Amino acid sequence: MVSTQPILSATGLTMEFRGFVAVKDVTLSVNEGTIHALIGPNGAGKTTVFNLLTKFLTPTRGQIVFRGSDITGMRPAEVARLGLVRSFQISAVFPHLSVLDNVRVALQRPKGLATQFWLPFSSLSVLDERAMELIDAVNLSAYAHLTASELSYGRKRALEIATTLALDPAMLLLDEPMAGMGHEDIGRIADLIRRVAKNRTVLMVEHNLNVVADLCDRVTVLARGEILSDGSYATVSADPRVREAYMGTEHE
Amino acid sequence: MSNAPLLEVRGLNAWYGESHVLHGVDLDIREGETVTLLGRNGAGKTTTLRAIMGILRRREGVIRLRDKDLLALPLHKVAQAGIGYVPEERGIFASLTVAENLTLPPNVSDGGMSIDEIYTLFPNLHERRSSQGTKLSGGEQQMLAIARILRTGAKIILLDEPTEGLAPVIVQRIGDVLIALKERGMTILLVEQNFRFARKVADRFYLMEDGRMVNSFPGHELDARMDELHEVLGV
Amino acid sequence: MAVGTQYLAEQPRLRTTSFVLGGVALAALLAAPFFFYPIFLMSILCFALFACAFNLLIGYVGLLSFGHAAFFGGAAYFTAHAVKVWGWEPLSGILLGAAGAAGMGLIIGFLAIRRQGIYFAMITLALSQMFAFICLQAPFTHGEDGIQGVPRGHLLGIIDLNQPHAMYYLTLAIFLFGLFAIWRIVNSPFGNILKAIRENERRAISLGYRVDRYKLGAFVMSAALAGLAGGTKAIVFQFATLTDVQWQMSGEVILMTLLGGIGTMIGPIVGAGLVIALQNYLASSQFPVTVLIGIIFVICVLLFRRGIVGEILEFMKRKPKGTA
Amino acid sequence: MSTIFGIPTPALYGQILIGLINGSFYAMLSLGLAVIFGLLRVINFTHGAQYMLGAFAAYLLLTYAGISYWPSLVLAPLLVGAVAIVIERFMLRRLYGLDPLYGLLLTFGLALIFEGAFRHWFGAAGKPYAPPAQLTGALNLGFMFMPIYRGWVVAASLFVCLGTWLLIEKTRLGAYLRAATENATLVQAFGVNVPLLLTLTYGLGAALAALAGVLAAPIYQVSPLMGSNLIIVVFAVVVVGGMGSILGAIVTGYVLGVLEGLTKVFYPEASSIVIFVIMAIVLLVRPAGLFGREE
Amino acid sequence: AYAQQISDGVVKIGILNDQSGVYADFGGKSSVEAARMAVEDFGGKVLGAPVEIVNADHQNKPDVASSIARQWYDTEKVDSIMELTTSSVALAVQGLSKEKKKITMTTGAATTDLTGKQCSPYGFHWAYDTHALAVGTGGALVENGGNKWFFLTADYAFGYSLEEQTSKFVKSKGGQVVGSVRHPLAATDYSSFLLQAQSSGANVIGLANAGLDTANAIKQAAEFGITQDGTRLAALLFTLAEVKGLGLQAAQGLTLTEGWYWDQNDENRAFAKRFQAKTGKMPNMIHVGTYSTVMQYLKAVQKAGTDETEAVAKALHEMPVQDAFTKNGKVLPNGRMVYDMYLFQVKKPEESKGEWDMYKQLATIPGDQAYMKASESGCQLTQ
């Protein structure tokens, strides 16, 4: 089931912020077709790693290779075009656009309908079918015409996943996709992630260890900017250093 | 110790813009008491603290400190009335050194800790006193955030998740500090997720859900009520 | 699904209303020169187009340019020079002005879009002021004198534009073209991306959009349309001067847009009409115009941030909800 | 006569000195702007008008009340500061928390009102204002005559800039100011009267502008438009220095003044745009400005 | 019956000048009074139709001026426009008026282009021009040993024209021009320009600007000790109004050219007294020039028997000018009104006997020396 071919590999990633090293010599490889979790205490550098991988930050040192091409020097939009797409820890939707339009915006670029300033709006209706499919997939069809800002937090997260999927990315980076969701939402999103991961790779940051244990093929633990442990959930959670730095002694 | 509450909150409603977050919260804290607010994420714990402090302006109800109506006061007057606040996000200032951060809040009354006392309590801060505030480690920032309030002589402190992101050793030390403060007669309102920590310091618990107080019980009943808590907190 | 159907049902009613209103407005515009001083009308049309072009940027991309005078006034110079010195036909002169403004938009935009918000505003302001200094010194602009006595000539070599009505209808045609172009840009796939960028730039980047290019594209389009207005003004007034490139002019176009309603299609037109009419009316009175303009600015910012048209739209939007 | 790059050295020194004098005004004005921007996040477009008001206050005090230069040096900034405080209390305050563009537009409108009103009352032409008797005359520096008054302006501005910098960087009040820039609510939650602090800061910034105006009156004449011409250059100075950076504003002010002076020697045609060219280059290389922090 | 000959039954004359800017003292609101005096002296009516004066402030902006002029012609039936301070404005409005077939009579602008390259059959130029100033003030300094000139030039039509004419004159007298620098209109600080002038080694700094610009340059030159080494300032266009503003202390010794001075004879003194009663100040050549243009225009309408442009222009070309302004004026085919100019020197404070006692007359410059011949002007109309 798990392929051993890395789709994304980062070597020696280091990020310094004016003397403060947030990420230190992180080497990480994500195998194609897997769900890979990145966990660690607050401030360990997880979001920073995400920012580095998607080029929202440029690493001080290190190299990132995605599907065989070196993306270290690329700009964020280029990386997204290559099929490496992220979601944000704080929900990122286009608040004053409708749910449908949110998804259509994401579809416009892959469908080549983004730069035409001479065409009418109605030319975008060809995207509607696919957009509704995606909206359906995250159970939002009832809200398709609602303005995104009117959605509850959990539904915003769902919408964000739908827009991300619209790009049909080879690899998805999800930053705490479950944060702020209720129990039944968590279950649904977990199912969704499992479904979409069938033919793509997922790297996710998640604090909910049940989800991690349940969903992820592999877990990398980050602490103080460095990799503390790496392996299956069972291996990692048995590591005393991980228990000490992250899970704590209470976590049985 | 008189029985009249020092801080009294009645029917507190609060809004972020249009969204109604607190729905009639009631809360009493007697002088010298440590009270802990429990509740799952988004229950409104932080909002309660912010509303008491007056950082969140859109609110209705009653907030009284002894006989003083806090609702009517501007934010800085609330602080001057003797309430110290340690925010969830710590609020350390990047453009100030550690020492400047420490001395930033003006004294609100006598009897606060002296700088020397604070440095004895948190030797790390002394060591790093001239470095930039935000260069401190997370734990040190949390210490600084607490320490600077202890300096001001505030008689009541509102602590929002003081142990978040801290190493267990530091959690331990902060627990010791709170106990020491209690012995000096300090009144504390604590928001905490960490039961082990809360159990150590709290005299009384309040349980919040969806912006309402759903329960309240004395500290020693915590273990007995664990099942009930699990249900509400979804732990 | 109830929400969705209601949303769709509202569309045709809105459409008919706007068609009817548009028709009335068009008829009024066609008849206007028989009732009003044509030069006055033409000046309103030029400024209205200018304000609409400016609004394309602030209203739909969320960028406040404090340097749009550079495009408006710059184009006036290009057009005036082409027509007067090179003897170009007026319409091609105007188009050259718009093209020149687009070129300037490319340069200024390239520098300015690196920053956002107030930084963007200050940078465009400073760059346009730099352009104003260049205009003061470049030989072809004739410094304080400006390019005077630009011949109106014959449109396409046929229609004599010295006839006030001929000039008026040309100006009207250009105005309508510009307005249509803006409407089309805003309501296009491209416009949809612009809106998305304004809403959440980081998210748009993460979806793979090269946000800077979209912004620059919009900036250049806005500059070109402002240039179209400026070039036309040069022909109407037969003049290109420093007044049109100076920052006070940038301020004026902001006022027009703010007063009418930022981000509305007709707000800037209403704003331009009011400001020009006011200036015209006050020119002969003793009351200082700038003071009044300043007062309007302050009142708008403090009390009606949506502008006249914006407030009306908001009011109409609220009403059906209240009755339903 | 010795030369540098074919330019006689006396001319060179002279222009550098004049650059320094202009730079003194850039520095003082951009300092005020930076202080206001740093704390209030408002681009104070009225700054130029406040500078003009300072000069006019001195002129009017002299003409109608017979109050001479020296008392005006204190009175004019106080008056203008008081006007600014009224503006902050009744207008600017309502815009905090909104898009900072509204602050820019409001102050722009106010600038139009002040300039328009003064133009209406006093005409666009400048009014002469004589330098104080103690500072008339010139020093022969060998390469040029240095009017004593202008020397005083450089000294006074250095003093004011240094004083303001020390106030903000080294005092407790300064610590409040800097902290409030980062998180005003929290500082207020500590018991500091931040609204008052904001009001005073705006007053202080405006008073700095007015002080510059009084200093400028004997040099540039008192005219309603004296500020509007200068303010755009000062904006460029602030962008180059890094918005909100106090030190950046001061240093860049002097440096650009001198650079402008040098341009007048080597390539006079470019002297009015050199600051903008430098701005463009700085933006390309360091978008946050020379002393600014990246957001 | 006569009034039939007047279009719309009223003769409207527009006074368009700077009323609030650097040239406000030059003419400004006081010129409007001078124009009203002319109407009054003429009797208030011409050919039975009332005469009306309108006025506007053009802020020294040619675009503002030409849109006011356009509106005056198109909607307010103004028949002719006068004064037109500032060369850029005068050229713009004269150009527009040529197209609209309306008469303009300029007193407030100096460029010889008005009657040269850009002359108009309906455009007339009164009072002074750059040629007269170059010959007058320029000539006086050259004769006194000023042979190395450096120009400080206002950056627009007037400045160029004044610099060009003066340079030509200086060179023709064997002098030399060592440099020039241009400054924007209403610049506030001239110190760096003055230092440049000083380091050029010139012995005359030619101020090819006007109004407050000149006054400020003179003041700052004193401040920087420019004149201490014997360098002289040539205030090429400077009138009584500016001398008054600058004060005798700073202005003493300046040589300047004007076409009229209140203390020249009894008639002038009488006129000046009336003018002072209305405006509170003594008139300069621009104020009286505007008086003269209005007067002459009305005389021409009277003579032509109509206010139709061609006819009035023809009368203006033919009639001699003889009024409070000059006794021997004549209009050349290019529209230039030629009359005698005077060279004055500003008195020392101790020489002055009264508030307005400011000039010593040095010489009279006969009209045909002061002004270019029509044939040399480059005006197409004269060929």
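General observations
Read from first to last, the chains carry the letters A, B, C, D and E; within each, the first residue is number 1.
Here is the rule we use: a contact is a pair of C-beta atoms (placed from the backbone, for glycine too) under 8 Å apart; a residue touches a chain by one contact, two chains touch by 3 or more.
For clarity, every value in this text was computed on a predicted model and none was experimentally measured.
Ranked by separation of Cα centres from subunit E, the top chain is B. In terms of the distance between Cα centroids, subunit D is separated most widely from A. Chain centres here are Cα means. That of subunit C falls 40 Å from that of subunit E. A straight line joining the Cα centres of subunit C and subunit D is 33 Å long. With centres set at the average Cα position, the gap from subunit A to subunit D is 48 Å.
Put simply, the C-alpha centre of subunit A and that of subunit E have 77 angstrom between them. Under the contact definition stated at the top, not a single residue of subunit A touches 2 or more other chains. Listed for subunit D are residues 119, 272, each touching two or more other chains.
Residues of subunit B in contact with two or more other chains: none. Listed in rising order, the residues of subunit E touching subunit C in the complex are 56, 60-64, 66-68, 70-71, 74-75, 87-88, 91-92, 95-96, 99, 155-157, 184-185.
Contacts from subunit C toward subunit A in the complex involve residues 1, 3-4, 7, 184-185, 187-193, 195-196, 199-200, 202-211, 214, 217, 221.
Put simply, subunit E touches subunit D in their complex at residues 19-22, 24-25, 59, 181, 184, 186, 188-189, 191-192, 195-196, 198-199, 211-212, 216, 219, 223-226, 228, 245.
Listing the residues of subunit D that touch subunit C in their complex gives 43, 91, 94-95, 98-102, 104-106, 108-117, 119-120, 228, 232-233, 235-236, 238-239, 243, 269, 272-273, 276-277, 279-280, 283-284, 287. Against subunit E, in their complex, subunit D makes its touches with residues 8, 10-11, 14-15, 18, 21-22, 119, 123-126, 128, 138, 140, 144-145, 147, 149, 219-221, 223, 225-226, 229, 261, 264-265, 268, 272.
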